[in-house]
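Each chain carries a letter (A, B, C and D) given by its place in the written order, and its residues are counted from 1.
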Amino acid sequence: MDTDGLIALRRDLHRHPEPAWCEFYTTARILEELDSRDASCAVGPDALAGEKRLAVPDADERGRWLERARAAGADEEVLDRLAGGYTGLVATLERGAGPTVALRVDIDALARPESADPGHRPVAEGFRSEHEGAMHACGHDAHAAIGVGVIDAVTASDFTGTLRVFFQPAEEVVGGGAAMAKGGHLEDADALLAVHVGLDHPTGEVVAGVDGFLAVTHLEATFTGESAHAGGRPEAGRNAIQALGTAIENLYGISRHSDGATRVNVGVVEGGSAANVIAEEAHLVAEVRGETTELMEYVEERARTVLESAAAMHDCALETEVVARAPSARSDDGLVSLVADVARAVEGVETVLERDELGGSEDATFLMREVQRHGGLACYVGIGTDHPGGHHTATFDVDEESIRHGVEVLAGTIERIGRERV
Amino acid sequence: MDTDGLIALRRDLHRHPEPAWCEFYTTARILEELDSRDASCAVGPDALAGEKRLAVPDADERGRWLERARAAGADEEVLDRLAGGYTGLVATLERGAGPTVALRVDIDALARPESADPGHRPVAEGFRSEHEGAMHACGHDAHAAIGVGVIDAVTASDFTGTLRVFFQPAEEVVGGGAAMAKGGHLEDADALLAVHVGLDHPTGEVVAGVDGFLAVTHLEATFTGESAHAGGRPEAGRNAIQALGTAIENLYGISRHSDGATRVNVGVVEGGSAANVIAEEAHLVAEVRGETTELMEYVEERARTVLESAAAMHDCALETEVVARAPSARSDDGLVSLVADVARAVEGVETVLERDELGGSEDATFLMREVQRHGGLACYVGIGTDHPGGHHTATFDVDEESIRHGVEVLAGTIERIGRERV
Amino acid sequence: MDTDGLIALRRDLHRHPEPAWCEFYTTARILEELDSRDASCAVGPDALAGEKRLAVPDADERGRWLERARAAGADEEVLDRLAGGYTGLVATLERGAGPTVALRVDIDALARPESADPGHRPVAEGFRSEHEGAMHACGHDAHAAIGVGVIDAVTASDFTGTLRVFFQPAEEVVGGGAAMAKGGHLEDADALLAVHVGLDHPTGEVVAGVDGFLAVTHLEATFTGESAHAGGRPEAGRNAIQALGTAIENLYGISRHSDGATRVNVGVVEGGSAANVIAEEAHLVAEVRGETTELMEYVEERARTVLESAAAMHDCALETEVVARAPSARSDDGLVSLVADVARAVEGVETVLERDELGGSEDATFLMREVQRHGGLACYVGIGTDHPGGHHTATFDVDEESIRHGVEVLAGTIERIGRERV
Amino acid sequence: MDTDGLIALRRDLHRHPEPAWCEFYTTARILEELDSRDASCAVGPDALAGEKRLAVPDADERGRWLERARAAGADEEVLDRLAGGYTGLVATLERGAGPTVALRVDIDALARPESADPGHRPVAEGFRSEHEGAMHACGHDAHAAIGVGVIDAVTASDFTGTLRVFFQPAEEVVGGGAAMAKGGHLEDADALLAVHVGLDHPTGEVVAGVDGFLAVTHLEATFTGESAHAGGRPEAGRNAIQALGTAIENLYGISRHSDGATRVNVGVVEGGSAANVIAEEAHLVAEVRGETTELMEYVEERARTVLESAAAMHDCALETEVVARAPSARSDDGLVSLVADVARAVEGVETVLERDELGGSEDATFLMREVQRHGGLACYVGIGTDHPGGHHTATFDVDEESIRHGVEVLAGTIERIGRERV
């Protein structure tokens, strides 16, 4: 597929943004595209370890998106295979003896509205989101297009070996990485490439090895006490909001660690029913991070102790659930050098940085660690793109020129791996 | 109107429960009922001091209920007069020289669903709520009927003087009392009676003087800080959820007072947007009470200091709003004796308690204090009624026999006041 | 002994104030006084249930006071019997058949300096405290003198029956009442009188029945964690000061109770060793009170949960110790009337109040409840006295005229009990 | 002075350990030692900027140590010059034209007892601390000896230029650095060397440039409220312990910073007087640190906001005082290389590390930054020494062989600076 075709695909996906585990149209659309190619596809339950999915929305929510996908013309038979929120796919291209190389691209959108400003290119050129309250504000539409483009470029190349492209759902909620990593398609991978556009790097700049992923866990906690009339019988209550208050204060009080950076945040709270009722239930969503997985686990363990003790203090029951999780990871030197080398030769690429720090979290790290655990190499590649608004904002957009950069850097690297057995 | 008529009226209101400041059908229905009587009615903005209304819902919410009232057949012209949530009315019956006696009945329902159990009498006899999510679960439908019944009974009596019946909206949110007390219709009142059915007293029992109202204020507080990426730039945030946590802990820590009982509760909290974002906004609704108005004011003042300091501590802005308020009040001995005396003679009343404690809050206290401030007397009367479920629960219902008890106790007392110039 | 003798005794005790469980000189001095009388005395371990003593100071502290008592001329043989802090005595006067009447007076002083102002009567008249840092600032010196005076007055009267006077140690720390109540000398008591001078009532005023004692418990809690260098290895610490902070916030947050007044206070805190060390140990002394013993127990139970959870939250060990305890109690109507009756006839008594509220705590309640539990009657009598400074302040003093009032009211009541078998 | 002389001096100082601002004997002893040398000495107020001293103990405490110094034979005239806690001295050796080189050694001891174990060398060889509760547990006795030794070694060398040795008091409380830096003797320094023995490096190992000093501030905060009887009038109190509790919780909750490591600790708390009294006063000592001075200032600013808001919340007054402060600093590459070079040639030195991280705080950084601000170079040198117990523990001791290493590394470096005009 030529660049224009990839741009058209990207714009179609941009018009149909779908949030985590609801990428029904997206999955069907990619599948349709690959239908005419050599790649064999594992879809839905066959693509991932279903029980490892995190932050799956409820059936009502999924139903609404399924309906939209249907209305947008997605293939009914494919939709059937994705039922239950088993979205995403793994495309495999067999090209004879040689190394197995994996490429991971993520495909989900964000639950936020897109700008309607006439100056916003998707508006001006007619591919703004058709779904109110959802938007491809992080470039995963371009990632999906790059994934398809790489299949074509590798098909057209001398590469021998096996290429597997992972079209991963639910990255934005840090909920899809574990399921893809453990879905059985990564076991024989000798190398893994992951890709992200933008990240505040302009078009023409490539980061061969992105690093500095903080390991992260999102914990939901629910305190359940007992309601009582706050005027008439306050002593009869078991106060879930008091437990919440104690938890907030003490979560932020978790000690720093001398081994490196850690983070803790209570990002969402909700509780109680009325001013005059001792609250029966209160709820929080907390995030813990660490520069390494070990540091994150240190904070998580302390956070669990705080939550349990806050519940005990106010005689409440506690339920916790991990709703997102990703480890830290590091790009391997060997692959980084190779990517840098290839990138320097790509037309339009003017600057190549060997390494840069992300400072956030990404569940591609699950796949990176899985491959590294088996003795393979992994590398997370940044493809610069001019973006008018910041990531996750209403005016985000990608410079479509960078799609070609991405395809050429990645396909070129894959060819080299095939040739050099890195 | 005979008892059957009152029961029919009560059941019609029960079928059309309306929450605070949305009593459109209810007001129109009572007005229609009074149309055939001698009483002159001040309606909507004429009945109350509009700027003293608290907890008025937004225009959308009011619009929905207005639409329902229209669909249920309420008089269009009346609805026009109530526009903007000016519900309720004051009916005046002029009967020559003599004292002015006020009766206050409240007319609003609760925002909770009613039981659909076949054994629940409103279901069995076909007058269950027609509005999902709203229910007369506290007997105000019976109060309204009693109000109409008293007008009829006094009309039929030898009473000379003036009777004013206050059909008050928004008691459940403690939001209508001040507006009615300051609406200009209470200035010449020599005596005020207020009435409530049930309160855990069975049919046949009357409490001549209910006391023990706790003064109450509901405060909404909103902390506004600044969001930031919790992993990438936590120091850039001004954390509204931390301010909230500090506020919760310290509100509950407000010192007890040696002059009498106080209460404090944080009944509702909400804040933040996502696990990985430092929360920009957090919100709480707190309730403070005191055995006297002074004690309530002591707690409220300390609560405000806590809220302000919690905001300052986390560099957040604070907005607070009083969304409900009622003072304490006490029934006057003279009236209590009179009510008790009358009640003992009412057929079906078997037990008369001079005094009992409520232990909750009620904004009838605004009207009681207004009358007492002018030198008049006030009394809050409890009319027992068997109720299968507790107040505010899905299976609450009144024993309609108690409607007659209420009418006779109150009308009898009013006649005696007219005769004896209490 | 005439009034001058009692005043001389009171002044001698005033010169030798001794704190809880160190009343060595005081006990020996009273014993010496009683030597010449008919009363038989149970001393030290024979007077009380040793294992029920609370807040006993350590051996060093006791040793220092023992030394002072020796230096002040206390009888060596008596001091031997008090070794280990078994102070106090019970004097019994057998006067034939008749009821057993108990009188309880407390004898300990406070650990605070006395005013050196020339206008302070003990200074002007030469009986200021000889022990720096200790002072009879609550009138227990006068109580002891009243106890001796009552023995003399009853001896001189027609009383038949048995009189037992309990000279109780350690009231100020609420630590002696339980031990005296369970010492075996109260089992046959038909009536108990307790007495306190002052309480903001002037000379000439008597309160026949003091009430409103709050039940109280003092809890010492020690959190033990692990120290660590706060800069180099903060994560290695288990932070006792954080546990303390969490405990403080949540102790004050214990819910009020609808059955009546409760109190909670953290009165003393101490912890840590240096700014740059995570604190290994932190300590608090908290007080919980209730209008009834049940209410106090409610607060105590919640307080224990808070302390345990705060320790668990910060991975600290917790040790708690009850260092003071007293229940609530109420003076019996029968005795109150009798005391009032007698008081009205005492020369110099101008006002007799039947009842007044104390609003604090007193461990005489242990003795009152013990007697009441056996079916006897109890009454706590207040004898007004002009006091220049407030109770527990540096300029407190008693108007010695009130000593005679106390003796006559109490002895008169005891005679009446003997005569009337109340 | 030969090595034996330095060891004898070190042991004499070890026998007479003196805490911060009480180094009376120590200062006099060093002065006496230098008397026979060419160096001119600025002593006491002439050596430092008196108003910049932090954590100076009160006059009683200073008086006790002055008395001990006198008893130990310190020169009366010298003691007079140190009155008021102006300890320490700056010795200047003028050796003609050339660069000015400063050497900083600290001389204070710790307020902790020394081991009495017969196996502890100071016990075995008779130079254990003669002052109960004080000990040279961090090697500053050796530092002082090294300072004297360097003067001798430089005197015996070809060095031309000026040498200034700063014998600095009060390092352990991070209280002397600023006063020495601003005392006027550092203005013309071209280079500064500072030295520490041990730091977990064995004898024979030298760290040419110690880094990783965290900037630090110690803040004392006192909350002053109003006491009240906790049972009788709790509402009348303004509770300093509640303010303390709120401060503790929120100090630990200060957000991490994305620019680097920060620390916060509440190391000491104390407050209140009795269980039944609302606390009038409470006190804390907190420490804030940052990887850079800016990061420390970020935490300090937030800490001040927390303290002020906690005070305001509980209606208490707040007083804060900085009792210790030190910035971060970094050893300059040029000097580090030179020290490493010299060290490699010293007999007995087997390992030379160019750089190592301290991870704690040191107020030598004030002197380092002062010199660097003027365009000079600074370097903090670590001289390994086998120490049986850890720094600040009861069994700490230095391997006296390292004194010679220190002298030779430092004097050698100074000579090279003189020769090479680094």
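The working rule: contacts are C-beta pairs under 8 Å (C-beta built on N, C-alpha and C of every residue); 3 or more make two chains touch, one makes a residue touch a chain.
Since this is a predicted model, take the numbers as computed values, not measurements.
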Neighbouring chains shared between chain A and chain B, ordered by label: C, D
Label of the chain whose CA centroid is most distant from the centroid of chain A: C
Chain A and chain D, separation of their C-alpha mean positions in angstrom: 50
Centre distance in Å when chain B and chain D are each reduced to the mean of their C-alpha atoms: 69
Interface hub residues of chain B, defined as touching at least two other chains: 232, 234, 239, 242, 246, 249-250, 252-253, 255-256, 258, 263, 278, 359
Residue ranges of chain A in contact with chain B within the complex: 214, 216, 218, 229-232, 234, 239, 241-242, 244-249, 252, 263, 265-279, 282, 285-287, 289, 323-324, 359-361
In the complex, chain D residues that touch chain B: 232-235, 237, 239, 242, 246, 249-250, 253, 255-259, 278, 298, 305-306, 308-310, 312-313, 315
Residues of chain C touching chain B in the complex: 249-250, 252-253, 255-256, 258, 261-263, 359
